[in-house]
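In what comes next, chain A is part of two complexes: it sits with chain B in the first one and with chain C in the second one.
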Partner chain A sequence: MININKEEAGYLLVNVNLTEANLSHSDQFKNEVIALLNEKQRSIWLNMEQVNYVDSSFLGALVAALKHAISLKRDVVLINLQKDIDDMLKLIRLDKVFKIYSTEQDAQQATI
Partner chain B sequence: MAGISKHILLVDDNPLFLKLLARAFEKAGFKCHTVNSGSEALQYLKTNAPDAILSDYEMPEMNGLEFRRNVLTKDRLKDIPFMFLTGFDDEKVRYSGLDLQAIDYVIKDTPAEVIIAKVNNLLHAVNKQRELSEIEIRQTVAALNIKAVPEKVPIIAGLTIDFWHQDYQQIPGGDFIDFIEADDRYLFIVLGDIMGKKWKAWFYTFTYLSYIRAAVRFSVSDTDNSTASILQKINKVIYHDEGLRDILSSVSLIRVDKQNGQLNYAGAGDLPLLHYHTATQQLTPVDSSGLLLGLLPDGNYTEQTINLNKGDELFIFTDGLIDFAFGDGKKSDYQAFAVKLQQHIADKQSFTKLKDKLQQQSAQLVDDSSIICIQKNNLTHDQH
Partner chain C sequence: MAAYKVFTFDNRPESITQCSRTVLGYLEPLLTKNGQARALLLRAKFIIGELLNNAVKHSGAKETRIEVELNDVALIMNKVDTGTPFNLVSEIEKQDAQLIVSSDVMHLLYAIKKDENSVSFFCKENLTFELDVNKLAEHLGLLIITKAADEFTYHYLKPKNIFTVKLNLCR
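And now, the complex of A and B:
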């Protein structure tokens, strides 16, 4: 479901290998991201390039992962979001909670 | 099986057998995915959840038992009906398979039609069991008489309030609606959506509704009528409630002043409302600033007044209405919903007609869906 694309000193770049991210993936996704946060003690940058649709269960999993990251003083950053999902996050103000960048380079410039 | 074709995962290290079996299943109307090993199957299952898995027992590297054990460790996959294909009638295999909750096993020499019939029977039995469990829960819920959606709409001079709600696949979900008559003057309209689907989300709607009802009543009795401060109170309690950890909800909260028909609104992670202005014949979004309930200790809620002129309508709705089936997948499109709604109103269609239309299209919905409409009547307050 997710795999580490790159390990950097300040973050892990993690691919989300789903096209439709929904209820059937949300628990496993949340557990995998939380396990990575605990194990690597680094912020996670989720590459969402492949994801065409997220339902509210999966959004809940993303937020749960973010809350866990914050408790560890880390972050969950979203990059390469498709337009529909980016629009959806803005509509419900999740763009105020997640750091969202178009590319990994943009995220590097803004956060490092 | 009637309806949508069932999706089967076939696992076998013999490519020829796999090909023949897949062909027979496809002919019988199944969708098949074939893999040659347990590890390939696990890779595939990371992003897919078939309706049933048929696996060879004897395979090099990872044998069928190891594969099955691995599947059983994953909550998302462990309840998928699993059937072993064995090369011989070995009682030991049969017993170890049963120990691993394999629902059936088939000897490979069995004609393909018989294997297909077995899978059909298996899926039918699983479906039947699922239906029975759901009927049982539904009956319990009906006996408890608890509802997340009211049966009646409030009657208020000068305004017409109505709503439509549809559960996803007839199973109650995370949407909830309430009309709270706080005192003689104020009515509060609540539309919420717990993140998640079906029973799991539905279960939490009552905890949320209890908090919201309590917060509204406590606030009004303390003469604090602000929708923003009510949402912040609810947010604080939910944020600190261990029982609601990771259970987030959007809420639109509207206070109606029954004396003058004035509306005040604050939102928590909800979709922008849509306000139809009769004068300009345009729909405009009404944005709010607040975050989902339970997300952060301070949800940044703000209150705004919404002025409805005669004939104006205000629509409050959940995300089920903006999700559409699209090609092979789904997409969320707020704008597309707004355009459809605008068209509906431009055609001089009423909210009752909209409800009929939504009802007719409800089979295509991909989540539970709710919409509330508040219309300012053309008669003035005094005339009404």
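And now, the complex of A and C:
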């Protein structure tokens, strides 16, 4: 469901290998991200370019993962969001919660 | 312009994607033909997904009906089942009284009693919130429907639970 694309000193770039990120995947996704945070003790930048739909369960899993990251003084960052996903995040104002960037390079410039 | 179709959902999580695609596949040409913007279809997509999620998580029934009606002024979607009633109707005693359904640092979601068997949902945004991630809600389905819809109501007509979502067409 997720795989590490790149390991940097300050973050892991992680691909989300889903097109429809919904109730069927949310628990597993949350568990995998939290396990990765615990193991690597680094922020996770989620490359969302393959994801063309998210539902409330998946968004809840993202929020849970972010809470866990913050408790470890790390972060969960969203990269390469498709427009529909971006619109969904804006609808429920999660764009004010997550750091969102168009590309990894944009995220690097903003955060490192 | 008038169209009406009923879809049956088997309340299995693995069927959500297919059912959602089927309903949207029916709606897309109808809305496009009538000059409705992408935004309306996107809102419908969010709502259908959450109605199906709600069915899987909460209905307790084996099957859910999704009724879709398009008329000259609105797209109306009903989610109908005979499962567990939503207790909001009984919890709110008086007409026009309201109850907080959920809250976090950014939103308050209310249900207001419309009549003996119905509630309507609405949402208020906290515009001056100080972000505390630990105070964010993780259950977002009703909030998404409420914010994406122009009207969102629940009606209990024993033994039927009827969630109705209305999206006004662009004029």
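Keep in mind that, in the parts below, the second predicted complex is superposed on the first by the 112 of 112 C-alpha atoms of A that agree within 3 Å, B and C clash if a C-alpha of one lies under 4 Å from a C-alpha of the other, contacts with A are read in each partner's own complex, and residues count from 1 in each chain.
In this section, contacts are C-beta pairs under 8 Å (C-beta built on N, C-alpha and C of every residue); 3 or more make two chains touch, one makes a residue touch a chain.
Just so you know, these numbers come straight off a predicted model, no measurement behind them.
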Simultaneous placement of chain C and chain B on chain A, clash or fit: clash
Counting only touches as set out at the top, which of chain B and chain C does A:85 meet: first, second, both, neither? first
Looking at the overlay, does A:96 come into contact with chain B only (first), chain C only (second), both, or neither? both
Could you tell me if A:1 is touching chain B, chain C, both of them or neither one (first, second, both, neither)? first
Thinking of the overlay built on chain A, is A:17 touched by chain B (first), by chain C (second), by both, or by neither? first
A:64 contacts which: chain B (first), chain C (second), both, neither? both
Using the touch criterion from the header, give the chain among chain B and chain C with more contacted residues in chain A. B
For A:27, decide between first (touching chain B), second (touching chain C), both and neither. first
Contact-wise, after the overlay, does A:52 reach chain B, chain C, both or neither (first, second, both, neither)? first
Would you please give the residues of chain A that touch chain B in one complex and also touch chain C in the other complex? 20, 23-24, 53, 55-57, 59-60, 63-64, 67, 84, 87-88, 91-93, 96-97
Chain C residues touching chain A - in the complex, by the definition given at the top: 13-14, 16-17, 42, 45-46, 49-50, 53, 56-57, 106-107, 125, 131, 133-134, 136-141, 143-144, 147-148
Parts of chain A lying in touch with chain B, wherever the complex brings them together: 1, 17-20, 23-28, 30, 52-57, 59-60, 63-64, 67, 84-85, 87-88, 91-94, 96-97
Can you list the residues on chain A that touch chain C in the complex? 20, 22-24, 53, 55-57, 59-61, 63-64, 66-67, 70, 84, 87-88, 91-93, 96-97
Touching residues on chain B, where the partner in the complex is chain A: 46-47, 49, 74-76, 174, 193, 195-198, 201, 246-248, 250, 269-272, 289-292, 295-296, 300, 319, 323, 329-334, 366-367
